[in-house]
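What follows is a pair of complexes built around chain A, which joins chain B in one and chain C in the other.
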Partner chain A sequence: MLRFSDAFAPSAVRVTSRAALAVSALVFVGSSAMAAAGSAHDSVLTILIRWAPLLLSGFLFNLLISVLSMAVGTLAGIPLGMMQLSSLRPLARLGYYLTQFFRNAPWLVLLFICVMLLPFEFRVAGLRIPFPDWVKAVVGFSLPAMANVSEILRGAVLSVPTGQWESAESLGFNRRQTMFQIILPQCIKRMLPPWMNLYSLITMSTVTASVVGVSEMLTMTAQVHAAEGSRPELLAPLYSFAMLCFFVYAYPIGKWTEYLERKYQVKD
Partner chain B sequence: MQVIYDWFLAFYERTGINLSFIYDNFDRARIIKGFWLTIELSVITIALSIVVGVIGAWLKGARSGWVRHSVDAFISIFRNTPPLVQIYFFYFGLGFMLPRVMDPISGTMAPMVTNFQWAVLSLSLFAGAFNIEIFRSGMEAVPRAMVEAADSLGYTRSQIYWHVVLPLAFRNCLPALGNNLVNLVKTTNLAYAIAVPEMMYAAKQIWSDSSNVREMMIFLLFAYVFLVAILVYGLNWLERALRIPGYGQMGGR
Partner chain C sequence: MTQPDRGFVSLRDVHKTFGAHKVINGISLDVAKGETICIIGPSGSGKSTLIRCINALVPVDRGSIHLDGIEVNTPKLDKLALRRRVGIVFQQYNLFPHKTALENIMMAPITVLKQDRAEVEARARALLKKVRLAGKEGAYPGELSGGQQQRVAIARSLAMRPDVMLFDEVTAALDPETKKDVLTTIQDLARDGMTCLVVTHEMGFAREVSNRVYFTEGGLIVEHAPPAEFFSNPQDPRTREFLSQVL
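So, the complex of A and B:
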């Protein structure tokens, strides 16, 4: 079976790029489209400035969804990861299959399932808890997040040298104590870079919520385009703006992840 | 076959579980077409993304700083922006700028690049950006001594590249490459957003007509898990088949 940790091996993520160059490329595409815009209408820049507050509030909504999904996914993924590592054979198998299933299912399908099949409200003892689309989307994103966190935890625990387990045992620690007092504290450092990578992926996928009708940034972008008379030459700059927002947010995270990877790299 | 179709129709009448994509001829044709289109999309994008990866990894070793930095910029743009926005940008943004051409079959004006081709292009570039990094790290993991040994045996630079570095690098990066390709297959359903009639799109059409969302969703999940399982199985087989005794982590076993 292919392991998650392979894709996020330290050496695999080493982008030594110049942010300025990348951003200027994006701006170039945007401005070239600007040149194509007719003079009878407002310029693309005017339109972008006019709608920037709305678009950015949509982007903030994306970030909210991503943070909530990651929080729920982590809280659910850690017990699932522990389940995979359980010494009880059936429990470990169940954890393994759950993890593999949610890791290998496409995110868009999971999102569709959550949005279409979850009820729009829950009734608990006469109390009505509304369950709007964006909350369902959070559930939809936290399922794959959960499975990936579970796999990250498993990979991290397995990467701790067996000597640690053996010395803990010889010091009279039982399995539970070894896990919680010796192994897991060492895992936090190892888990942080792949966990941040996963967060980046979740953030990127939050835009797919627009496909199921959550009014996040891409939905807003389409509405802005319609409000400006659906001129086709506006599409390239509007989508470049969306790309730029995500780039500005994700690039520093990626750089920081690389830095942490280098810092925590286990020397052979 | 008719017996099976009838059984599923009776099954629907008895239990209310509407597997219309099995018993209904029209729905079945749609889902089969979508299934094959998903496979086609996956195979083409996998091939193209590997090509992008190999060329990009080669260009990253170029002497010119401009070439190296352009490749880096390409990688960081495609890694740090959402793939769905990339697809929209290509299809809506760039698609508009291209001229429309006469379609020889229907005789009407059609876009020069179809939505399927845009999906292939943007998904290949997206996955290719990841592949460049993967190939690059695979090449870096080839021991320096191997290259020196080949050099001392009189291999030329290109011979070293093709006969020593590349075969070993490919083995090094297979696990990471496999992971990325699995992700790519799962990402192909984003083509749904620009109305490429792949499996997800076909399923959506069917559940709109027959209002059997639950059944179609479960079918979709299992269909994708099935496709991914085939790919993972193939990659594991490839990894075993290419194993060199005594080299790499798995080599000893």
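So, the complex of A and C:
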């Protein structure tokens, strides 16, 4: 049996985030204590509380980018996946090459290309539609999301036993009816765990948008650090706080994915 | 429509190869309307392939397959016209796992034949009763035993009102208890006058229910005869050898 979800094994994410929690908690407590010890500066806790609203608004921006990227990536990835499965050869080939192209491109490179090459606004019939960097970043993350969703869909369809196709064909269903009424409904369950893993990966990688100047959490963290006089002892607690936010968000998703994987384990 | 010299289901010199592997090497057989025949033979002798050729799931290389005058081996074949007249049941049931037993039966008549939902539902309920599964309408395949699933699969095929039913080792995956229910269901069908082609390892069933037994080996029909004769006086040494192993 083809285990398409292996491609997005959650274990890597899981281990990283568990270690992240331990490390960030340690560093956080340790460095807070150190920074607080006999100095004229504000304590780390005071600083964190002061900047938390700003940092968290940055984090919300990461979440917004991740949700939008995943939504666009899914909406585009499903037709692309269907294209790969088309019985029309040229269409299937095109779908395959598009998928492979975006699946094998480094995400950061795609992000750079989108941010550099997309215009800052579109003019449609005299109307100016602004196209800020963060929207370009959404496009940048949507492309690999799309390619991965396409592949997840293809894997899910291929993992449905051929007997289902045979039965449907024997009952007179045509290919289209078979796909939409019999195969795809069975794919939703199969797709959910790898799809959620993909979402976690996208969420983690949204911080790379800081490289192109989007004011998401990593950017905000650096700015806060600068605003507090770039004191080295603040580095660890500030960045640990960022890690903590991602962990608290991603860990339950990972747990839920694991649960779904167990629940929907393909039995036959 | 059936030509006088050919049966309701009629194969003439059918050949099929997969790559270099010759699976069917010139099979001819005739089944009259309302007859039940059993096909027995060792594993790998091409029984499943033969059955799948009849409803055009597997295209043949050469030869002629007729079903009530419809030629199957032609590029002009109207597959839907053929498939609404031929039901097939597989060893692995292949029910649609996301649909209830009742929905499994109703799907094809509604989607493929565009029949009226209420009428189809009434028919589906009657079919479930006929295969002795009244009360299981809302059960999903995963909640049913193998034998129950197989009977739903039979009902699902019957919902298309076929003239011929093909069975491919439909009890091979079942334990002895549930086997009986499935075999009884097929026996009822045969008694009601359905034309049945049954690939099976159930010699008792072949003996009691079939009009003729065909023994295949190496993609050929080695011999065929009415069951009484076939089992008491097999002619070919290969048949005798096979029977001595399974009886």
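Quick note on the criterion: the second predicted complex is superposed on the first by the 230 of 268 C-alpha atoms of A that agree within 3 Å, B and C clash if a C-alpha of one lies under 4 Å from a C-alpha of the other, contacts with A are read in each partner's own complex, and residues count from 1 in each chain.
Keep this in mind: a residue touches a chain if its C-beta (ideal position, glycine included) is under 8 Å from a C-beta of that chain, and two chains touch if they have at least 3 such contacts.
Remember, predicted model here, so these are calculated numbers, not experimental data.
When the two complexes are overlaid on their common chain A, residue A:I113 makes contact with chain B while staying clear of chain C. In the superposition on chain A, the chain among chain B and chain C reaching more residues of chain A is B. Of the two partner chains placed around the shared chain by superposition, neither chain B nor chain C is touched by A:V212. In the superposed model, A:P185 lies in contact with chain C only, and not with chain B.
Contacts of A:L64 after superposition: neither chain B nor chain C is touched. Shared-chain residue A:S167: touches chain C; no touch with chain B. In the superposition on chain A, contact of A:L91 is made with neither chain B nor chain C.
When the two complexes are overlaid on their common chain A, residue A:A76 makes contact with neither chain B nor chain C.
In the superposition on chain A, no contact is made by A:L54 with either chain B or chain C.
Across the interface of their complex, chain C is touched by residues 161, 163-164, 166-173, 177, 181-182, 185-186 of chain A. Looking at the complex, you find that chain B touches chain A at residues 69-70, 72-73, 75-77, 79-86, 88-89, 92-94, 96-97, 133-134, 136-137, 140-141, 175-176, 178-180, 182-183, 186-187, 189-190, 192-193, 200, 213-214, 217, 220-221, 224-225, 228-229, 232, 235-236.
Per the touch definition, chain C reaches chain A in the complex via residues 55, 57, 79-80, 83-84, 86-88, 90, 92, 94-98, 107-108, 111-113, 153, 156-157, 160. Contact residues on chain A toward chain B in their complex (touch as defined above): 1-4, 6-7, 9, 11-19, 21-22, 25-26, 33, 36, 101, 104-110, 112-113, 116-117, 200, 203-208, 210-211, 218, 232-233, 235-240, 242-243, 246-247, 250-251, 254.
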